[in-house]
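What follows is a set of notes on a single structure, which appears directly below.
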């Protein structure tokens, strides 16, 4: 239902490459035209609303800051050479730098320069959103080659004026009464894995889910990190109090291992679904425990809201050396890696979609499967403990990869379903108890629905 | 109290052999005269009621089928030789086969023949209770030797008519307000371990419990598998809703290891009692997790009833190669093995019987054991952590095998009892907390009762 | 706040030695002048009340016995030599021996003699509080050298008359509404580790806590073992029902390992605090599970009171070979060892003192630490997962030994505090969740209090 067809793969590969190229160069920030342009390009993938909140709006402990826009910035030597040039890489300017036009000695300038001595080729990424300041980021190599004896012309053509914080939103309405949050952040400038990859996957996921009739509701939001999530929570406080769980999508297209940062609850349905997804797809991943630093899960999971939020990554932020440097660029990520992570997200969400709770119409004893054509006609030879030696079959004899069950195992699963279904235990709970892939169990449950033995609870 | 005396052993051995021989040849089924005869022979061991439920009675998802009786059945070659003969082994006929009298070519006949190619000497056991059909079971060797070119006279002298489902029942009333179910099934024809052994042990157990004044109530039922348990539950629905736990007795006299299939709760009192029984008797056993296939525990533990039921076996069904074949015969089982399993059941039930919950008359502080003659007179040398190196003594220094405690350990146990007894923690709970045999702890508790320090809660 | 300053160490060493010498020779018992004298000497360390309960008072299952005092006791041979002499060691007389003045044959005398054949040089310690009797304890060597053919003059100049049971008490009132019990026992005669060391540490601890304004209340009591604790519970029943936890101080100055006998709850706050204390101070210790025999924890934790009580030892009673013998003398213990254990107790109590529960003033999202000067001004380089290779730094990067946090880790801890603080989770709970020393976490919490982000719940 949410699997990727072969021809979809090819199209997604092409799209990912295309949008990577379109979106990477834009200088995004927590407000301003960079975000507007980014969201409008993403609307070419899938429709969603773009909304704005004015500067000065109070959001709990925070205030939406003035809007920041930037045209140009440089450090020029007396010969007019741009020693550091925003046009070459938007990381060169500390994000949210105030406007400036001054002649400064190297010594005065130096207090405003940021480098990474351990990675001499890389430009670091720095911000100063809430402290009016300015600065330049450059590679250690650049810094070393600067003449320390001369004066420099330092110019930042930025504006900081009352404006808006811009964000994207889409709501997919389901019937289950449960709602999941799918959030990503769109404030990072030319950084590829963190988080150009995340916003692209967010749009692909929204497109895919928009095409089916979902069981649950999904709230997709694309906000500037921290302030955007906080502003969104403030604007939607009562609704957000009832969200059942969610994901923050970030850093999903690197060359390294899959990672999963679990929710603060550790064993919430969200966490169990992700772990089973990796198991069923037989993919290796590293599990990272919840940590209070990271991304917007901190706000979503804060004491008042306590939404359990997980994050599936490929090369998790903080963990890869190029993190928050100019080396996190289009060479570091790939469309292929992004699609791999998309597949994980789709499989996990498919599990959520199939996580129905049923009531039993025949809770009294063993149901008579025979009269419904669900049981072999000649009895006496049913023997469930025969060891199953075929590869790809787990201890219980269910095939691990989606496929067709051997008949005896299908009866087993039917009997287990009839045994566990009590109006409280969900299909996912049962799939974990008897270690069967969700897809197979779901299909078996549908046979029991058709036989009138169980019915979904709403 | 429920231990087997030496002379009892000898008598039981003789009885087991006698009843094995009397009962084995009878052609039992889920209804019919085979069951009636079986129950009436078992009444020679111990009295119990025989009851009947008419064909056509609706029982939840099931209907009591017509009663099946059989006089004779055979496959005759043109020379009049009985190639397959019900008189030689009642497994030869698919149980519940419809009447038949036909001349058939081998090819026509073949669709109704069942063999076990992997066990060429064995006749399989097959049934067709709810699907009107007929068939013969034979060894692969027999099949191979049949002439495929000739016609056979196939006759089944059976009847399928409205009648009754027959079962046995006995109720032992206790005073504790708790009730346990002891169930076995009497529908299998000439199969020894599964379940001639079970019905024999059921009768021995009933006889033994009938002789004492029990603390708990015990509901003994002997029913045809599946349909019988379901019919019983339907007829006794409100009573069965309040049963506290129980056992299904089956496959108890094989030469292999003891086995224990635990209840669906995994750690119910029933399960804990059985595990401690094996520990105290120092017997090896294999633990099988609850599985939804098996025997009548499925119906007893179904969502509406949820009675936790365990099964102690010797050569558990499904697990031994001769299971449901003609090789599960009187040579496979022995009276000695049956008595061994009986001893396990008796020890476990004795633990249940001793599982009293007490209230403390002196909950305030240490009770003064000295003035009641329960404490050594000269103090100062009491030292409980002395390692106990004697064999047969556990970490706490209690003797594992029933016997007399060393005095210091008896004081220990008294103090622990006084410490834990709070009107909620049962004697069995305490025996597990301090790892002492139930019998010893019970005896010590009686001293405290006599000293007026504790009293049973009812 | 409760750490020992350098000069305090020196003073405590001197005091410990002084009081060891003053107190060791006194013949204490569960009543009488030995206890009175002991308490009055301890009052030289710190002030506390001395109270008495009359003989004959009923205390639950017990009655305060007649008061016992002793002047002299001996076994004299016909030549007038004191073969066994109370003046040399008060252990020679079975504690609470009735008065006696008789000439006895060795054979008659022998029934009243106690030795330790396995430790031929040691005099055992024996009592007979509630069974009117008399006896002498002597070394096996002494016994061997006695002439078995002669008669002996046996004299015990003791009195058993209505009097009082004497105990010490002090109450330190805090503001938290929580109360902890600090109990020790003062009834053992010339035995050093058990329990001269305990009563000395009790007095030092009371002195130290008396000097600060405590958060919690502390009930210090010094009672004769068993009967004293029971009498105290009886006299203070409603108050004692509400005590939150406590310690029984005994055997704290031996040369062996630290030990911790945990509370009956196993994982009560008391237990967790002690374990974290040993971890933070990087001290090895042996954990002993709760056992119903031991000391007054049995009465404090009895069903009616259920006060969770732990015991921190150095050479735990029962465990060292000299236990309850004349070899548990001033050579066995040392002031240095006592101060080591005192430090453990002080650290544990300091943790209790810092265990505040806060409410959050900003539970909605991440608090804006930046505007309160609690966050670095230039963002983008915050990376919490950098492995910390420095020695003395735990997995989370918090320094294990008290000291100053590296700034990034301080922000981490602030964010965790803001994340977990919900009006229920206490500071100690959080310190365990994020594995940070309590002292550091407490200091950070105070910054958040000053910033108006959290406030203590009372």
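In this document, chain identifiers A, B and C correspond to the written order of the chains, with residue numbering beginning at 1 in each.
Operating definition for what follows: contacts are C-beta pairs under 8 Å (C-beta built on N, C-alpha and C of every residue); 3 or more make two chains touch, one makes a residue touch a chain.
None of these values were measured; they are calculated from a predicted model.
The touch graph of these protein chains is complete, with an edge between every pair of chains. Under half of the residue numbers found at the chain A and chain C interface occur in both copies, marking it as a different-residue contact. We define each chain's centre as the mean of its Cα atoms; on that basis chain A and chain C are separated by 54 Å. In chain B, no residue touches at least two other chains. The touching residues of chain C, when paired with chain A in their complex, are 360, 362-368, 370-371, 377-385, 412, 415-416, 418-419, 421-422.
Note for the complex: chain B touches chain A at residues 59-62, 94-95, 114, 124-131, 133, 135, 226, 229-230, 233-234, 264, 291-293, 298-299, 301-305, 318-319, 323-324.
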